[in-house]
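Listed below are the structures to be examined.
In the two assemblies presented below, subunit A is common to both, partnered first by subunit B and then by subunit C.
For the complex of A and B:
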């Protein structure tokens, strides 16, 4: 069994459901935080995703970063050590979608060599209040070369899919590098 | 009652053998007694790219780091040596810290590591092999830690580590 370790940043506006999404992923759907408690600065979680067909585990160190601007300077330090990222927006909140691009740009400005990331539209269960259609999310993700997912942390639908995708992308990036390294000669 | 020696003076308690300068370093048990240089431990362990690759003399095999930094590899020597120079062949390392265990210390608990030198690698050499020489000023140690503290990529690798002693002999 091979163990890879991936530091993952989770970004987005306040109250889009970053913490709820991470909690549901971490507890495999068992724990949805019923009361909203704003994340101060940053919280840290770890969770392993198994990729059985490749005999590999990807251990995620998930950095749940506050959406509040108050913590800008601290956020930069945390981002520097990460290899992948998720930007979350709320499909019922147009403003959170508009700001998603700012979060993508902020991540890419700090981490130039990331392995990749995903854009997630959360709260897909609130169908009657949707302000951001799926197509717009897909377009933004494609523009920035990110994977795109819609999920509902509340209902636990599609919560694990993005993390499984990230784990596979991380493993693919690792295997590509290993092939490259095996072919290098002394320069 | 305190035992007395035949001459009547108070005898000293037996000298503990498990600490002080005479005791073995806790790292000793990981050493391979047959080899001049052996790998004690490494922080990443992909069976396809194991730490032992840095000593096998092959140009295209390497020890890979599997995500996250710092990453460390520790070499142990058959006996205490004075290190003149260390050469590394690597890829995508940003900064490398070479550390030794302080001799005749740290025999209780964790070994005390002390940095001997730090090498900052060129940042424009991503995805190219880096051949670096690290001057070690003949410091003495039985253990050498090589720590990758910064990287140019989420994954870095070391192809080989060569250690020269103060007599000019390359041990590996």
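For the complex of A and C:
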């Protein structure tokens, strides 16, 4: 059994449901924060994802970053040292989707050699209020070479899928690197 | 108020001792307050005290003056008259005053009492006379009452009897009036009475007939007795004519006859006794099951012996086959004849039954006409009918039983005939005894051979099954063997590969040793690193603690924390408000309606323009 450790940054506009998503992922759908509580600067969580077929576990150190501009100066320090990232937007909020690209760029500006990332459209349960269509999200993700997911933290649908995908991606990157090192050693 | 009046007007008050009055007269003012014993219920202000009155001077002489004093009372009385109107006049008061005054006057007169006594004595005498006359009358009445009581009893008895009669009559009348069938009942009763009379007449006639018959029989008996007497006389006469020897012979014979009669009586008694004993023993036998069984077995034995004897007789009288056939045909014919006779009997019985039924119907008809006379006949006929019906019911079963028996007998005869004819045919082609014995031996030998061959066949079949199952197993084994072969080949290849290594075991050992050394070195490095990291961790945690402490001590940090809290609170509110606005905005979104309206108006405008252009043209 292998254990890989991965630092993961979760970014996005404020009140798009980053903390709710992380809480649901961490509690495996048991705990959903009913009231909105603004995240101050950043919060730290850890959760292990098992990849059974590869006999590997990936331990995620999740950095829940505040979306407020107040903490722009602090964010940079936190982002440094992360391997992967998630940008979250609210499907009922056009502005949050527009700002998602800004968040991706910001991350890429700080972390140049990231292993990979994902774009998540949250609050898919509010169907009558959807402003950002899935296609647009997919397009944006493709544009930045990211995986795209739509989920609902409230209903707990598709919450674990992005994290599983990231774990697999991280494992693949690790194995590629290991192979590269091995080839380098041989040469 | 009433007490006052009572105290003043009663005669007794006039006879009061004079000392009472002076006492009351001496009283004055408050000291003269009345006590309850002095009729003190009176209020002090009820009327003026007598002592204060002008008429009642203090120097009044004793009793003599009392009367006039009391005579003054009317004055007192008059003083109170003003209050009389307030009283109930009927209950007490003025009327009473008058009588009391009258009484007071008569008491003083002596002659009055004398006169009064005389009047009373006269009244008593009159009363006594009246009572004595009443007593006499009562005694007289009493005497007459006894007589009357007797007559009453007689009359009541008569009345009761008459009432009973009346009740009967009433009941009869009621029945006559209420029941419509009463007349019919009466008629029926009359008919019954007539029937009874007739039957009585018949019975009387029968009795007369019997009586006449009896008389005739008695006459006959008398005649016979007379004839017997004549015969005896003749016999005596003939005996008298006989000689001495014959007479003696007769005497002997007579004596022997009498002896024999007595003997017969004795033997008869003995027979009766024996019969009784037999009966007793039979009863015992009947009660004892083992003896009963024995008896039945004896009976069976007897019957079997009888049958045996019959059979022996039959075997002794062995007939030739054609004779047998003839005999059996005779038997068959006889049974057929029996059957025919039974059938004819049945037909006759049926005819008789029909006839009887007709008779019954006739009798029933006649019965309707005259019930009482033919009731007995009818009963007899009913009984007969019952018997006949029973016979009829049983007839079918009996007939079928007989027919079955007949069929059985016929079948037996037929089979017997068939076997007989077969034997007759086979009689000429029968083998000899030696040949038969040889054939039997051959048959037994062949049977043995057959059984042995059957056994071998079975054994062979079993073996064949075994071989087949083994063959199947072998076929399956091929696949398994192939699999095993492949596995073994792979193992061989692996082992060959390993064998190369095993051949150079020294090199393997060397590489292992090198590897071990490297691992140990790495282990040492890592353990050193671990220690260093631990130290660094301690340093860093100490730094962290110091920084945290500094941070806590920092005022601006505290302020920032407070501000952050308030910010968090505001953001929370802000979020809720935004959510609310969004929800309401969605609810009040008129964009679609606006678009529709614009589209509609534009369409209308287009149509209006088109209309105007057409009008211009």
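Simple rule for what comes next: the second predicted complex is superposed on the first by the 184 of 187 C-alpha atoms of A that agree within 3 Å, B and C clash if a C-alpha of one lies under 4 Å from a C-alpha of the other, contacts with A are read in each partner's own complex, and residues count from 1 in each chain.
Here is the rule we use: a contact is a pair of C-beta atoms (placed from the backbone, for glycine too) under 8 Å apart; a residue touches a chain by one contact, two chains touch by 3 or more.
Just so you know, these numbers come straight off a predicted model, no measurement behind them.
Asks: Return fit or clash for subunit B versus subunit C, each positioned on subunit A through the superposition.
Replies: clash
Asks: Report for A:35: first if it touches subunit B alone, second if subunit C alone, otherwise both or neither.
Replies: In the superposition, A:35 touches subunit C alone.
Asks: Pick one for A:83: touches subunit B only (first), subunit C only (second), both, or neither.
Replies: first
Asks: For A:183 in the superposed arrangement: first (subunit B), second (subunit C), both or neither?
Replies: Touch partner of A:183: subunit B, not subunit C.
Asks: Who does A:15 touch here: subunit B (first), subunit C (second), both, or neither?
Replies: Touch partner of A:15: subunit C, not subunit B.
Asks: For subunit A, which side has the bigger count of touched residues, subunit B or subunit C?
Replies: In the superposed model, B touches more residues of subunit A.
Asks: Which of the two partners, first being subunit B and second being subunit C, lies in contact with A:124: first, second, both, or neither?
Replies: Neither partner.
Asks: Touch check for A:113: first (subunit B), second (subunit C), both, or neither?
Replies: The answer is first: A:113 touches subunit B but not subunit C.
Asks: By the touch definition at the top of the document, which applies to A:6: first (subunit B), second (subunit C), both, or neither?
Replies: The answer is first: A:6 touches subunit B but not subunit C.
Asks: Show me the subunit A residues, by the header's touch rule, that subunit B contacts in one structure and subunit C contacts in the other.
Replies: none
Asks: Quick check: in the complex, which residue numbers of subunit A touch subunit B?
Replies: Touching subunit B: residues 2-7, 61, 81, 83, 113-115, 170, 173-174, 177-178, 180-187 of subunit A.
Asks: Once bound in the complex, which stretches of subunit B touch subunit A?
Replies: Its residues touching subunit A are 45-49, 59-62, 64, 66-69, 89, 91, 125-129, 131, 152-155, 157.
Asks: In the complex, go through subunit C and note every residue touching subunit A.
Replies: Touch list, subunit C to subunit A: 564, 567-568, 571-572, 575-576, 578, 582, 586.
Asks: Using the touch definition from the top, list the residues of subunit A that touch subunit C in their complex.
Replies: Interface residues on subunit A, with respect to subunit C: 14-15, 35-38, 40, 68, 70, 92, 128-129.
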